[in-house]
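Below is the structure I would like to discuss, written out as structure tokens.
Think of it as A, B, C and D in the order they're written, each chain with its own count starting at 1.
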Amino acid sequence: MTAVDPEIRIPDPIELDRAEEERLAARFGTAPGSANEYAGFETVGIPDRPPQTEREAEMYSLEEGEMLLNMGPQHPSTHGVMRLVLKIRGEVVTDLDPVLGYLHRGIEKLCENATYTTVLTYVDPMDYMSAMHNEHAPAIAFEKLYGIKAPPRAEYIRALVVELNRVFSHGLMMGFLALDMGGITPILYGFINRDDTVELLASISGQRMLFNFFRVGGVNWDVNDEFINRLSRWRAEVGKAIDDNIALMTQNEIFTQRTKGMGVLTADQAISLGVSGPNLRASGVPFDVRKAHPYSIYPELEFEVITRPEGDTYARYLQRVAEIEQSLHLIDQIVDRMPHGPVQAQVPGIIRPRPGRAFAAIESPRGFYSVYAISDGGPNPYRFRMRDPSFISLQVMPKLMPGHLIADTMAIMASLDPIMGGVDK
Amino acid sequence: MAIPGAGIAQGMWTTLRNLFTPKVTRQYPEERPQMPERWRGRLDLIYDPFGEHKCEVCFQCAQVCPVEAIDMSGFDSQGNRIRYGMPEIYDERKDANAYRRAGLPARPMRNPVRWDEPVDEPWLRGVIEGFGARPEALVAIFGTVQERHGYLPERALRVISDRLTIHWAQVFGAAGLGGFRLLPAEGHVVTVCACAACRFAGGSELLDALTDELGIGPGEATPDGAFSLETATDVGAGAIAPAIRIDTLVYGPITPEQARHLVSERRRAAGPAASAATAAATGARA
Amino acid sequence: MAGGLVRALSDRFPELADTLWTDEDTVEIQVEGSRNVEVLQAVRDDAELGFWWLADAAAVDYGPDRDDPRFEVVYHLFSDRHPAWLRIRARVDRADPRIPTITGLWEGAMFHEREMYDMMGIVFEGNRDLRRIYMSPDYRSFPQRKDFLLPDDAADSAAAGVVPLERPETWDLSRFREGLTSAAAATYPPTAERTGTEQEVEGGETLADQSRPR
Amino acid sequence: MDVGELLLGVGRFVLATTLLLLLTVPTAFIVIQIELKVIAQMQLRFGPNRVGPWGMFQSTIHGFKVLAKEDTTPDQADRPTFTMAPWMVFMAAAMSMLVIPWAPGLVAVESSISVVYFFAVLGLSVVGLLVAGWASYNKYSLLGGLRSAAQMVSYEIPLTLSVVGLVILTGSLSFTEMIEWQRVNGWGIAWQWWAFPIFFIAATAEINRTPFDMVEADSEIVAGFATEYSGMRFGFFFFAEYVALFIMSAILVTLFFGGWLIPFVELPDGILGTVMGLLSFFIKTYFFVFVAVWMRTTLPRVRVDQLMSMAWKWLLPLALVNLFVTAAIVLIFNLQPVGGA
């Protein structure tokens, strides 16, 4: 039997091995196994090509006594698949370069090829800890484009599920922060809370993680008895796991020693770097989209924008704890005020908005989540742009890290709470 | 922090207390979770009242799946085993790209014009309007388009979908089922699997039979371009060895006689001229 | 709703007044790409406008099948003095997509611009870290352009074959080598003042200054 | 010393070491099982409950799984040292078991300097960890090895110094004689209650347990020195860690909680006394194993610089103060050691 195309030649495995050996020898100066085998050890991780930018040249040029350390893409605590290249001097991080794209799925491009209705299924796995928020922003944007409004009951249900989502997202962040600092229990208490909450959300949406609950012009389903029963039970029990976590973390001396004063992000820095959400508020900037640019039913509800002046890791942690309280308060109000009526406006199967542009922003657990959609009159969005807050927050890392220890790297990163699904889109 | 160690003591007390509180884990096989009544976490094929699958193996779902997760096989109306899945998709579209990324020379795309074929849009819209833009006229529109282009270009299907307000997956699926061409008429590509399993099961006899039938060797095309013969190890049908693939459909296990039949069937469909040319080529070779 | 903002903008930029466009919660102006830094700085620093928050920066490809093929870099800004978003659409030539960077105004635009470079191939002049961010460094195409064919082979599409950006002539390695002493490792733990490391590392010149278009 | 006596001594030594080496494996299994189960219960999980009755063979299965796994060596590793390191760590832990007094008359090697021997041998494991970190040709391993060297060498000092107070009181360097002294005068914790926290913290750090598990901080440096190890070589590290936990608890019990003594009960002679002593010893020891597991469940990890400053700024001065105060008290009140020489 002959091959399809004689041009295709797959190299022999042995040949590949030899080439690899030669490459290593060229890289390290000597053949492996010889006396000077540690020569070049610290430079492993420098790309095999000339640097493309000034910053890259700076990052990958080593001083005496410095070493590159690849943290990820497979590492116990990089929150998904991200790679952090640390430049370390002993245990002290002197520079840092986040390398992204390991989870890139091209969701924006996919959405440009999907109809407006199906876009809402694609955005779910972006920031998979807060799928409801991911659907909320496109839904608002498409409603603006199409010129319809969701009925009031739909808006209340949306706000309800979104706040439920915020509770478990923040609860899990507490656990991840502790886990990255070596405490193994809070993450499990966080997951107890999360499991309760996602099952509650599953009883209204039918799915536990990627809900696909929002529709253009409303929501998929109305609340039912099962959801209401579970909600009241959940509301009675939700405090326990979170209180346990607070008892384990907030006052713990080891925890406070490791978080207070670490990774201080000043207000000016935070604004300049585009940090948003709880991270920005923990630096003392009272910017919350729910107040600053009210959407949905938030103008009718009563809540505070909490800020903290310190801007350190501990403040970012406390900020989440305080926002859980606020969310529970909001949930109580929403349940009390839920109006009657339909949950879905009349929209056709394939939506063709008039040519135009719409911008919609919401406050997700990780911050400012916005969608910019352009319609050209066809059934698909001409351009669908999502700004994910954790993506933008990540560029704080090279600014915050230098001077901290490797151990603090993980703690500070966990306190910023990036979700790689959203970062890599 | 009033007393040093108070926070640690609080935490220690919390964990100690939880040592004696009821556990929350569900012991899965014994203890079934109560699924919400709206649960839609399970995919199921629907049966009709007589206990038959309602799935007709039309591949619409596999073709439209964005992450290409659906891999399906079944029997067509003539009882041939047909299959659509990863190997088919990847051989069609992704293989050359993978080679290119690996730094190896890649074969050219088989039908590079397929996705970008220009269609006469005003004419097409006129045709659609002529049928009243009714979805029932879908097949008739297909017929008109194929008459003009010789096959159904991708862009034409998009336009039809757009105008008739039918999701393009449905349009694509209907085009695939109704005996229309989705590729330009020139050239069926017959690929004989050269994997170990197929060779054991008589793949070389298949190849010999097809070489004889078509009058060409592997890697060659018939003079009229109606058929080209290839071998590949990635037909990916180890369980149905020996297998051949004609364009995107995989057949197997098949005997040399069946393979001849499949090819001659397509030759008949391609028209008398093509078959005459092939016959001439065969005769010349003989 | 946004009448005050419209008035303020047309006072401030009379030459852009005919590009003003509003909808329920957005005010939009269009500028030439080369003017983006000037306009953004003006709306940020103007006491009456005060758009201090860069909400989003995205690129839109009005592709080759349009009558007016072009890129647009779209900035969304937020101000707490006005109840509307400000959208600034900066026009970029599609044949030679170059536009000044705004990392001098907001450092956070860095990832936005890297993403736009990666996905659309727009070159932000003066950005000191314009690398690919999602695709691998040796990738040779810009996947979000409209002439990039989605179901097809990326390398066969019309946007393919672009050489990665390498402009070593713009680097001055000696500059940061001097500043990059062992200062970072000197004191531990870091104090609140030390977290502004870029001032020290860059030897008095802030990162923002460097990345301002020259 | 005639030949018969010598042969008897050698035979006794060989028997004792063999038995103790055999004992390390079930000990490690039991400690791991306790850890799995207790952590799970504290985290509101059930923990292992499928393998064997109440899941009690889970850790054993883990052990066999490790045995069955492929044992890989990185290409660039230094093979002889890479192979030797787990053995060194494990032997350090196993050898220090020789001097633990299990019950009246039940001790492998009766030595008059067993305290010195114990701390000397246990300190050897740092060599193994350092070698493992160096030989792996992995940056994480290197960091882990260096961390282990810094941490364990630092904590040796307060650990040993905190025991010296008891040595002064008892006037002996032998664990058996110390227990004998405690039988007469009451447990060591009553005499040296301020040395106990120093010893406890230093011991936790010495065996790399949470909150001082810098050496294999999984969220920072993957698995530290053990990153490149797999199969049974990793198993040796794993066993050594848990055996060390058991041994540290045993020594803590011996020094501060009267070893095999039962309060207000005089152990009878003969086999009954031995069994009662053994029971008492194991109950106390496993209580402290439980405490270590409990701490691991609750506490996050301290940072490496906090760890070092704690050793040098707090524990070492406190241990020294304890030493001087104890010596002064012994001098002033002219306390006479009871059991010692």
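As a working rule, contacts are C-beta pairs under 8 Å (C-beta built on N, C-alpha and C of every residue); 3 or more make two chains touch, one makes a residue touch a chain.
Worth saying up front: this structure is predicted, and the values here are computed from it rather than measured.
Note: the chain lying farthest from chain B is D, by mean C-alpha position.
By C-beta pair count, the most extensively touching chains are A-C. Central chain by Cα centroid: A, whose mean Cα position is closest to the mean of all protein Cα atoms. Chain C and chain D have CA centres that are 59 Å apart. If you average the Cα atoms of chain A and of chain B, the two centres end up 35 Å apart. Per-chain CA centroids place chain A at a distance of 43 Å from chain D. For the pair chain A and chain C, the distance between C-alpha centroids works out to 22 Å.
Residue positions 110, 185, 192, 248-249, 252, 254-255, 405 of chain A each touch two or more of the other chains. Those residues of chain C in touch with two or more other chains are numbered 188-189. Within chain D, residues 42-45, 297-299, 305 each touch two or more of the remaining chains.
Within the complex, the chain A residues that touch chain C are 47, 49-58, 61, 63, 65, 89-90, 92, 94-95, 100-101, 104, 106, 108-110, 113, 144, 261-266, 269, 271-275, 287, 292-293, 356-359, 361, 368, 370, 372, 374, 383, 385, 387, 391-392, 394-395, 399-400, 402-405, 424-425. Those residues of chain A that touch chain D in the complex are listed here as 32-33, 37-38, 41, 44, 67, 69-70, 75-77, 91, 178-185, 188-189, 192, 248-249, 252, 254-255, 257-258, 405-410. On the side of chain B, the complex with chain A involves touching residues 1, 4-8, 10-11, 13-15, 18, 24, 36-41, 66, 99, 104-107, 162, 165, 167, 194, 199, 203-204, 207, 218-219, 230-232.
For chain D in complex with chain A, the residues that touch the partner chain are 39, 42-45, 75-76, 78, 137, 139-140, 143, 210-211, 213, 217-222, 296-306.
Residue ranges of chain C in contact with chain A, taken from their complex: 23-26, 28, 52-56, 58, 60-61, 74, 76, 78, 80, 83, 85, 87, 106-112, 115, 119, 127-138, 143-144, 148, 150, 164-168, 170-173, 176-177, 180, 182, 184-185, 187-192, 194-198, 201, 208.
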